[in-house]
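Several structures are given next for inspection.
Next come two complexes, and both contain chain A; in the first it sits with chain B, in the second with chain C.
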Partner chain A sequence: MADLGSITLLLSLALAAYAAIGSLVGQWRRAPELVVSARYAAYLTPLMLAVSTAVLVAAFVTHNFELRYVAGHSNTAMDPWLTWVAFYAGNEGSMLFLALVFSGLSALAVWRAPDEVRPALPYTTFVLMAITVFYIAVMMTMANPFFELPVAPLDGEGINPLLTHPGMFFHPPTLMTGLIGVGIPFAFAIGHLMGGQKGDEWVDTARVWALIIWGTLTIGLLLGAWWAYTILGWGGYWAWDPVENAGLLPWLPLTAFVHSIMVQRRRGMFRMWNIALIIMAWGFAMYGMFMNRGGPVPSVHSFGQSTMGWVFLVFLGVNLVVAFGLFFWRYSSLKSAAPLESHLSREAAFLLNNLLFLMIALVTLWGVVYPLITDVFRGVIITVGRPYFDVVAGPLFLALVVLMSVGPLLPWRRASGSSLLRLMRFPIVVGLGTAGASVVLGAADFIPALAFGVCGMAAAGIAREWAKGTQVRHAKGESYPVAFVKLVASNRPRYGGYIAHIGIIMVAFAATGSSFYSVQDDFSLAPGERAVLGDYEMEYLGSTSEIKSDRIEHSADVMLYKNGNFVKRLQPGFAFYPSFSMASTRAGIRQTPIEDLYILASEFTDDGRALFRVHINPLILWLWLAGPVMVFGTVVSLWPERQKAAVAIAGLRDAHASD
Partner chain B sequence: MFHRTWRYTQVMAVVLIFGAFTALAACTTSASPLSKDEQRAQSLDQSLVCPICPGETIDRSQVQLATQMKVILREQIQEGRTDAEIRQFFVDRYGERVLASPPKEGFNLLMWIAPPVGVALALLVLLFVTRSMMQRSPTSPTLSRGSSGDSKAEDGLDEYLALVDVELGEAEITGKQPGTIDRANAADTEGN
Partner chain C sequence: MVLVFSALLAVFVIGIVAIPFFRMPKKADTFNPQNAKSLRSRRESIYQALETLRLERELGQVDEQEYQRQLLEYRRQAAITLQQQDRVEGDQQELEVLIEEEILAARARIQERDAPKQGEA
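What follows is the complex of A and B.
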């Protein structure tokens, strides 16, 4: 069986290499047959990789310890459900997963490519398949999942305890897909440059792919935060850790890209800028994959340590040099079709948005590389952590939320100052009201009050847009719900974007509440004792221990009261894995829209006492709810549009004439 | 009649958004139940990392050493030491890397100053670039697009939105044909 996996892996490499070379040579030599055959090779590549993946998954499920990779990342004691996803627990399997996903997305992108990108499609195919070749080749030479041990061990070493969580099904696949997927819009941009196209042909296709990948990466990041919150056991969801930053870094220019691509779509502007943005996003995405595959900075999330880091670094360098080389070569053909008319315009707002996202990315990168600088120049090892990132990136994020309330209200081309003031009147009133009210109700500090106010302002900006459009449709005889739904359906990219904005506001809201108003305390309790934190009181009843084949599970029995009333029974605990000398935590959480009560049981002593760490984390639920909201917004944005606008205008114009 | 319903929904929307945000914000912003000393200790906890667990501050870490550091830190607060003294105590023992972020002094000032300077410079560059973009005339008067029909649809949408503004009394139709007005014009007339 394992041989089959190796064979299909080799075949996929041959097919991908053929697809890459065939596309390029076929295009140069004007041999359409060669280009077509290369395209079919590109379609076959993911099929071969799918067979390899199926073989690897089967090896995990059937505990085939002849394979070094299976023996190293699973054992017979692990939960059976986990064996189905254990294949991406380490380097080798992650590489296979990345190659499978990327070649699959590539095949889909090539197959579904619309007519306008066809002239440059062979170049795009070349870029896509060259990236695929890199992943398969590195996997086969440095991290082959099908390497067979001379003697099969009786049992495997087991999986990293931190990965034993239902999140394993969702977080690694979405994050990896979100990172590698940035290569798809990147390939369309590079294909456009290589093909010497003069217009905006690549823009629509790249936008669709960028949005799909944006949604996936966003979900990947949020799932990572959720996973960290429930299992890493430090009561938080984001620590500005190097690996977390590596996931956030590509998200920032990608978000900038999905905004500024709208300007090119609508106005034919920012042509150079959009290509530069997607190249940067791909650069950061490769950096993210490099960090996860054995980066130089220590992190709590490094699961796949290896020596292949430098290969990724070289690949990253080659990609950037080639991409920017092409960019400057084609620079002259990327002139804007229209001038910028005013600083008070939606175009200018998009530029500022791009600048802010890039600045966040750069200051984050600066915090990541600065320890390397001090190490080299002063020989001193330092830590750059939360205090730096909060102070430096926080205000920039806040500025983005402010911009989010202004930008969508600005018209294209130009606006006058007084009209802007009129547009902003309602959001500003709501923003000031929210900030003022949160001060009155106890937000003692300036910054969180400001942040809450800004959230209110941005929400009001969106509400105003929706109310305005709905009102007009209602006046034409539609009931409010129908008018609202039809409004959203009438311009899905725009209103889908607003829905995604709501999700971002929810994240900002939750981040503000939880970073400024979290409370925590430690308690050591004997059975029957109680502890109080804020309005909550917990009673420790006792603990249980259960010895399983690969771990010892400890859990505490806790009764939780709020203002004297019983609310929930919680079982916080942890599982200790002797073979890894590591524990995986299970927090006891009572979640409400207002705050989470979060209990960790960190130690059980011989005298029967238990050590608890209790957190009150406000507004966390909104962070998790933001995920589905943003996905929904992305789907609405992407939903194919029918040409309804013309009909709507005709109707409105008639109605107007009869007024 | 039309304007009255508009005001009504506007007021409703203010109340709703406002209510939702403040209600939630308020519930979370009640005063901390911890003593002043404990609050101070916890903010110090957040500024120190545990030397043996990469990147984790001692308020988060569950390692024994972190717990011991927390105990020492609280003892020193009881003894009346200042925050700076307490941090220096740990730096002397474990080196500079025990601080969650370097202090704003000496060589490390570079780290703290670079981002705001960089942002300021970037804003300046943006200003210059946009100014030059505003002076430059377009190279081609029309958009050269592929065979996509939706630029037309979007142009239509602008008309639609301009009409929405007109409907709302926020703009008036200028002397042009209704079919040719765009949002920019609508916005201009708004300002008059």
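What follows is the complex of A and C.
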């Protein structure tokens, strides 16, 4: 069966290469048959990779340890539900997953391409398939999942214990899809440049794909934070780890892009800027791949044994040189169709938003590469940790949230200072009220009170928009619920964006609470002893140990009380995997909208004592709730709008006639 | 077994990829910014801009003077687009009428040509 996997990999490589070359040659030689044939090859590529994937998954299910990859990432003791996780748990499988997802998205993008982008579609297909060729070729030569061992072992090594978590079903696939998916809007941008189109034909299609990928990447990052929070056992969710940062880096210019592309869509402005942003986003995504696969900084998130980092670095370099080369070649055709009419306009707010996102990206990048630079030039590795990122990125994120409160209140083209001040009155009052309330509730420090105030101001700005819009519709005879729904439906990109903004405000709210007001303490308790932290009291009842085929599971039995009242029974513990010399933690968490009580049981001694680390982490729940809100906002933004011109056109004709 | 299946797969793939060389699909990858579809799309985006402008006025984001200025500009753009659209769609309708007339004339010629033969029979 493994042979079938290898053959379909080879077929997919041949198809992708043919699709790339055929598209380009067919376009140059004006041979539409060749272009269409190449397109069919692009459709078939993911089918062949799907067969390869099915073969690999079948090898895991049947414990085919002849395959080195299967033997290295599973064993007979592995729970069957982990088969899907094992598929992409290692370098080889994740490369296959990336190739499958990217070729599938590419085929969909080419198949569903609207008429506007069709003249440049062969170039776009070339870019998409060239990227696919790279992934398949690297996989086949450096990380082949179908490599067969000369002698099959009786049992495999098993799956990495840190991956035995429900979050692993979704975090790696969404994050990898988000990273590689940036290549889709990138390909439309490069196709546009190669095709020499002079207008904004690529914008709508790239916007749709960028939003889909943005939503996926956002969910991937949040799921990663959830996974880290529940299994890594340090009580936090974001450590500014180099590979975490590598996932965040493309998200920043991509977020800037989904904002500024609206300006190009609406006004034909920021043409160069948008192309530059999507190139940067793709560059950062490739940088993430480099960091993940043999990059210079080890991380809990990376494939440590991989040595293919340099290949990704070269690929990143080639991509940037070619993309920026095309950018400068077509420079003259990328001039804005309209000037910026006022610095007090929605366009200007989008530009400022873009600059802030880029500044965050640059300071994050600097924090990631600085240890490498000191290592190369001074021979010492200086670790750049959380204090640096908190100091430099924190205020920039706060400035973005401030901008989120002003931006929605600004009209396109031009606003007057007096009208903006009038519109800002309500958000400012709410912001001051929120800051005051947070001080009353115990946020004594200036910075967190300011951050809570800014969150309140941004939420009030959006709420004002919704309330006023609903009121206007209600005045025309619609009931309030109908008026609200119709308001959102009347301009989905705008109001879907506001819903996503609510999600971002929730993230800022949770990050402020958990960053400034988390407390922790360590306790060594014998059975029957109690410990107190804040309003909580925990009673350690005893521990249990269970020997399983591949691990030893230890768990503590803890009764939790708050202000003297029983609230929950928790079983924090960990599982030790002897073959990996590694433990995976299971935190005991009592979660409420106000705070998490988070208990780790890190050690059990022979005399029955247990060592606990207890955290009180405020507002964490809002971080997890933000994910679905942002996805919902993205879906609303993307939902196709009904063509309304037929209704409007009569009005326009009348208006024209009356002029 | 695997080799036979793989060979069949390869034949299937080559067959699909070769189809366009024998039977080219009708849809061509052309896009003319002056065609009816793109003009409709432009008209739609002007309409959306007008809708947003109206909403911004209702929300108190733009004052009356700015609203009137932008409204006038969008109306001018809409009028130009409508004129172009009328011309293109008019041309298309004219072309369709011409084709229809040609078909009718051709049919009539065929009928005239065949009529004596039928009479002879």
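In this text, the second predicted complex is superposed on the first by the 641 of 659 C-alpha atoms of A that agree within 3 Å, B and C clash if a C-alpha of one lies under 4 Å from a C-alpha of the other, contacts with A are read in each partner's own complex, and residues count from 1 in each chain.
Note that contacts are C-beta pairs under 8 Å (C-beta built on N, C-alpha and C of every residue); 3 or more make two chains touch, one makes a residue touch a chain.
All values derive from a computational prediction rather than experimental measurement.
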| item | value |
| --- | --- |
| First (chain B), second (chain C), both or neither touched by A:414 | both |
| Contacts of A:433 with chain B and chain C, given as first, second, both or neither | first |
| Partner chain(s) touched by A:58 [first = chain B, second = chain C, both, neither] | neither |
| Which of chain B and chain C A:517 touches, first, second, both or neither | first |
| Contacts of A:422 with chain B and chain C, given as first, second, both or neither | both |
| Dominant contact partner of chain A by residue count, chain C or chain B | B |
| Chain B versus chain C as contact partner of A:122, first or second or both or neither | second |
| Partner chain in contact with A:447 - chain B first, chain C second, else both or neither | neither |
| Touching partner for A:32 - first (chain B), second (chain C), both, neither | second |
| Which of chain B and chain C A:201 touches, first, second, both or neither | both |
| Chain A positions touched by chain B in one structure and by chain C in the second | 115-117, 199, 201, 265-266, 411-416, 419, 422, 468-469, 472, 490-491, 643, 645, 648-649, 652-653, 656 |
| Chain A contact footprint on chain C (complex, rising order) | 2-3, 5-6, 9-10, 13, 16-21, 24-25, 28-31, 33, 37-38, 40-41, 43-53, 55-56, 58-63, 66, 70, 75, 78-79, 82 |
| Residue ranges of chain A touching chain C (in the complex, touch as defined) | 1, 3-4, 7-8, 11, 15, 18, 32-37, 40-41, 44, 48, 51, 115-119, 121-122, 199, 201, 265-266, 409-416, 419, 422-423, 465, 468-469, 472, 490-491, 494, 643-645, 648-649, 652-653, 655-656, 659 |
| Touch list for chain B against partner chain A, complex | 2, 5-6, 9-10, 13-14, 16-18, 21-22, 24-34, 38, 42, 46-47, 49, 53-57, 59-62, 95-102, 107-108, 111-112, 114-116, 118-119, 122-123, 126, 130, 133-140, 142-151, 153-154, 156-160, 163-164, 166-168, 170, 178-179, 182-184, 186-188, 190-191 |
| For the chain A and chain B complex, residues of the former touching the latter | 114-117, 198-201, 204, 233-236, 239, 241-242, 265-268, 298-300, 335-343, 345, 348, 351-352, 355, 358-359, 362-363, 366-367, 370, 374, 377-378, 380-388, 392, 396, 411-419, 422, 426, 429-430, 433-434, 437-438, 441-444, 448, 452, 455-456, 459-460, 463-464, 467-469, 471-472, 474-475, 490-491, 509, 513, 517, 519-521, 532-534, 593-595, 600, 602-603, 613, 618-619, 622, 641, 643, 645-646, 648-649, 652-653, 656 |
